[in-house]
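Following are the structures in question.
Next, two complexes with chain A in common: one pairs it with chain B, the other with chain C.
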Partner chain A sequence: MKNLENKRGTLITAAIIVAVFLFVGIAEKIAPPSWNMLFMVLKKGSIYALIAVSMNLLNGFTGLFSLGQAGFMLLGAYTYGIFTIPAADRASVYQYFDGGVVQFALPVPVALILAGLVAAAFAFLIGLPVLRLKSDYLAIATLGFAEIIRAVFQWNVLGPITNGSNLLRKFPVFQSTISYFIVVGICVAVILLLINSSYGRAFKSIREDEIAAEAMGINLARHKMLAFCISSFFAGIGGALLAMYQTSVQASIFKSAMTYEILLIVVIGGIGSISGSVLASFLYIACSEWWLRFLDQETILSAAGRGRFIAVMAVIFVILLALMVFRLVKPKAKSRVRYGVGAGICGAVLIWLIVFAATGQTKVPLLRNGFRMVVFSVIIMIIVLFFSRGIMGTSELPDLFRKRIKSEKEEVAS
Partner chain B sequence: MSVVLPYLLSGISVGGQYALIAIGYTMVYGILRLINFAHGDVFMVAGVMMVYLSASLPLYISMPLMLILTVIIGFAIERAAYKPLRSAPRMSIMISAIGVSYLLQNLAAYITGGLAQQYPTVPGISGSVNIGPATTKVVTLVTPFLVIALVFALVMLINHTKIGMAMRAVSKDYDTAQLMGIRINAVISTTFVIGSFLAAVGSVLYFTNYTAVTYTSGAMPGLKAFVAAVFGGIGSIPGAVIGAFIIGISENIVKGLEAMLGMAGINLNIGLATFSDAVTFALLIIILVVKPTGLFGEKATEKV
Partner chain C sequence: MSENVLHVDHVTMQFGGVVAVNDLSLDVDQGEIVALIGPNGAGKTTAFNCITGVYEPTNGRVSFLGKPMVENHPQGKMKKLYSGEHAEDYPHIISPTPDKITQLGIARTFQNIRLFSALSVFDNVLIAKHMRARHNWFTSTFRISAKEEKRMREDATALLEEQNLLHLKDEVAGSLPYGIQRRLEIARALATNPKLLLLDEPAAGMNPQETQELTDFIKEIRDKYHLTVFMIEHHMDLVMQISDRIYVLDFGRLIASGTPAEIQSNQRVIDAYLGVSNDA
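Coming up: the complex of A and B.
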């Protein structure tokens, strides 16, 4: 019985994944150009999904709090760029360094794997001293290494290899979204298999209790190093894909802010959930690059449009506010704080709307370049504070499709 | 000497400014075991507020107002973003700090339009002064003395007042302090108030020196100040101050290393100045590997 239920969830998940891949593959061929935004989001989202999953492997499954992801992405991106620029274009890319020292180009798949291997090799070297450190100290040491790597790659003396602080460009890139999806899909599948193997169980036991894990015969140093290198390997491939997506590489974009961004994605998705990280990446990229875009535009409404806008917004938010307040005053209400915050936000929007209505101007207030990111970071703060388990918690997609009765039984049993 | 002196002077000055930020990090870490990633951004917000306040108000009003507002922001951040997570795992509170940092940066980017703002000139410390062969701003000379005075006041506060005693107790043993009737929340709020105040003072000194405020200008000084706090032994105030001076000086020495070697007859032209930020982190990693508790850190025995 248990096997059958497990299978049901897995089958539905597999069907969804196949459907998504088919949709992306087919839609890309037939979609009108106006769908460009969707495919941009899908490309960047899939790259971030791979990087977030690689970070989750380390932070969520092994319990090592590392903040070096941007550094390993940089290594991957540069390795890919350096070894794939066609020999004919090198003179123009390395124009300040007489065409650079590398004078050959590797095929794309080889360069992708090499990108991962270089990142993993550096992870090994960095891991030797820093993996002995605990929690916060490990975080700050890995962050420091990422910053050092960034400085080294901008160093002019290494210019013949790295092109100094100039752009690397003209390397081959994937044109179609499905190529990104396939590479990311393979990598995530490998990570998933790893997590469900005996290594994965060892990682999880380290997360739960290092001393107990050691007592059970798990070699802490070896397994931590393994998790660190594997995570960096995939971060390196992710960095190479990011380089393709941007069609150019520059060390200065791989700042610690990028690591924070990925950490936030992991948290939003749920620390310790692969499918959560993947979903959160797409949502995060879609929100920040697409859905909230309108907040950045100064909007001027016509008189009639203005009346309609105010009326529609007022109705929506009054209903939402009423729902929240109703939940709040209900006796024995659960999670009061969440509804309180929800009511507060609805109230704030309504006040904003009243001010807008009262002043009689036709330009929508506040909307201006940068407002999108303010709203977006407020949303993130709300998730971090009130939904700290993230979208998925520690469960995976197949768990959602299992029968409810079973999970209730489990609760009773535990 | 004429080559070394300017770098040394600006190293000491920047070190003093880092020290004021680092105290906020080290005190919060000592009590909450939290890397307050938003602290560098509080420093930046203080700078941005000063730009906007001084545009419409005279300096003798805008400066105290800026200090008060920064303190209120620091207090509010603790109450809104850290207090609800007191019993949550340590990682979630650190992520909340990263979220606050993200929010403050985006808010500042929105308000400034993402452009660099010119910091107002503060009479008395913005002028230039000659020391031997070197020309420098007055703020460079004022900073170390001001820092030492403030640190002295802070150490007196911590060692000789009731709230200071409470702080020491909480950082020693959180739970026992609570059982002894210390109002933990009041102590934590005081810590954030002191930290934000010092960061605001630091921002006046720092931006008088560098004059351009952008929404990202808190990130690097914040990170370096935190490194300084770890370097000196996190939780220790004298450690943070000494660590900050070491970091500030070594950063500027690296900036000027080629010029100095050039004076000594060694001609290197390899762009070592690229590493002025990286050297901070290299120092950090060396100290973490050699002496993980920092220069003045207390030895902590691992509890099983």
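Coming up: the complex of A and C.
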């Protein structure tokens, strides 16, 4: 019985994934140019999904709090760039360094794997001293490594290889969104296989209790190193994909802020959930690149637009206020304070809306450059406060469908 | 016939100036159930940690099945601080990590249960099977060693069945009742195929009936898996019923050893537990 439910959840998830891939593949061919934004978000979202999943493997499944992801992405991006620029274009890219020292170009798939391998090799070297540390200390050490790597790659002496602080460009890139999806899909599938293997279980045991894991014969040093290298391998591939997406590589963009973005995605998605990380990265990229963009633009409303704005705001906040009040007056209401504050805020917004309507202003307040980040931060705070386990907690998509089926059955039974 | 399984030789564990275990020597033979008792803070768990590689003893040697397994002598600043004897007797330094010791065939449980509490009962046991499986991360990820995984699962299922835990296989370990968590922890230790089982207060927090069940259980697994059991325990009923021999620690020192009957009548042991009045 359990197995059947298990299979059904997996089947539904597989169907969704196939549908998404088909949609992306087909829609890309036939969609009008106005859909460009969607495909940009899908491309960047898929890249971030891979990197977030690789970080989740380390932070969520093995319990190693590492903040070196941007450094490994940088290594991957540079490796890919350096080894794929066509020989004919090298003179113009490396114009200050006599065309550089590398004078050949590797095929794209080979270069992608090489990007991962270089990141993994560096992870191995860094891991030897650093993986003895725990929690915050490990985070600080890996963060330091990422910053050092960024500085070293801009160093002029390495210019013949890295082009110093200049851009690397003119390397081959994927044109279609589906190519990104396929590469990311394969990588995430491999990580999923790993997590569901005996080694994945060993990683989880280290997260649960290091001392007990060791007492069960699990070699901590070896398994931590393995998780660190594999995570970095995929971060390297993610970095290479990001280089393709941006069509250029520059060390200065791989700041620690990038690691924090990814950490945020992992937390929002749910630490220890692969599907959570994937969903969260698409949502995150869509919000930051697309849906919340309008918040950054000063907007003067036309008469009709003004009416619509007031109507929409009024409907949203009246519904919210009604919900809050409903919760407040419920006989066995819990956390009255929280809903009280919520109702107060809704009331205040509505009063302001009346003033706004009465005084005949046309400029939407607050909207200006930088406001997007304020709203974004508030959303993240709300998520962390009220959904502290993230969107998915530690469950995966198949679990979600399994649960739904179960509860439906219970309803039928009762 | 009785082969020596564990031989502890002049082991001293000193933290700075504090001597937690002082010149401890003991033997555990094949098939025996041996108990280590003593008042709180006597150094029993520290002794266990020295045997299982959690701590590196300051001085002394631990041999397992006749081979030196852990050996150390005072080094660095401990050279000055070390207050015991026999420092010259152990020239080698052997300090394996706990996982190596488990691989040699010593499994342990913990005083305060250390299950992988967010994982299922089945996963807890499977993790213990991980180290003996013939696979590496590559064959395991790409299911090249699927046979090995299947064998692990069969072994784990069989073990859970023997321990009457199979019906709880998909439960989250942390959600189980206390007594069952204890049993699961022992089952998990058995899953590493040990020759010697170290139990650190297996009856802690159990009522008399549960303790009685545990007594039978320990004897049963000893016979079934041809184990040798070395345990720390406070429940004297259990200790006296089950032990072939008993060692008594007080303030890190061995103060007595012998059969349960001998220990019960030993004046030093009674003094250690009850305290000696000054005017006596």
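Note that in this section the second predicted complex is superposed on the first by the 371 of 414 C-alpha atoms of A that agree within 3 Å, B and C clash if a C-alpha of one lies under 4 Å from a C-alpha of the other, contacts with A are read in each partner's own complex, and residues count from 1 in each chain.
Rule of thumb we're sticking to: a contact is a pair of C-beta atoms (placed from the backbone, for glycine too) under 8 Å apart; a residue touches a chain by one contact, two chains touch by 3 or more.
No experiment lies behind these values; they were computed from the predicted model shown.
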So, on chain A, is it clash or fit between chain B and chain C?
fit
According to the stated criteria, A:204 is in contact with first (chain B), second (chain C), both, or neither; which is it?
second
Regarding the shared-chain residue A:216, is it in contact with chain B (first), chain C (second), both, or neither?
second
Please indicate which partner A:226 is in contact with in the superposed arrangement: first for chain B, second for chain C, both, or neither.
second
So in the superposed three-chain picture, is A:193 touching just chain B, just chain C, both, or none of them (first/second/both/neither)?
second
Apex chain A: angle to the C-alpha centres of chain B and chain C, given in degrees as a multiple of 10:
80
What is the contact status of A:263 with respect to chain B (first) and chain C (second): first, second, both, or neither?
first
Who does A:65 touch here: chain B (first), chain C (second), both, or neither?
first
Counting residues of chain A touched by each of chain B and chain C, the higher count belongs to B
For A:140, is the partner it touches chain B (first), chain C (second), both, or none of the two (neither)?
first
I want to verify one number: the closest Cα approach of chain B to chain C after the superposition, in Å.
9
Identify the residues of chain A that lie in both the chain B contact region and the chain C contact region.
211
Where on chain A does chain B make contact in their complex?
59, 65, 129-130, 132-133, 135-137, 139-141, 143-145, 147-148, 150-152, 154-157, 211, 255-257, 260, 263-264, 267, 271, 337, 368-371, 373-374, 376-378, 380-381, 384-385, 388
Quick check: in the complex, which residue numbers of chain C touch chain A?
52, 54, 97-100, 102-103, 107-108, 110, 114-119, 123, 126-133, 135, 137, 140-143, 148-149, 152, 170, 188, 192
Touch list for chain A against partner chain C, complex:
2, 190, 193-194, 197-199, 201-202, 204-205, 208-209, 211-221, 226, 230, 394
In the complex, chain B residues that touch chain A:
29, 33, 35, 37, 81, 84-85, 88, 90-92, 94-96, 98-103, 106-107, 109-110, 113-114, 216, 219, 223, 226-227, 230, 270-271, 274-275, 277-278, 280-282, 284-285, 288-289, 292, 304
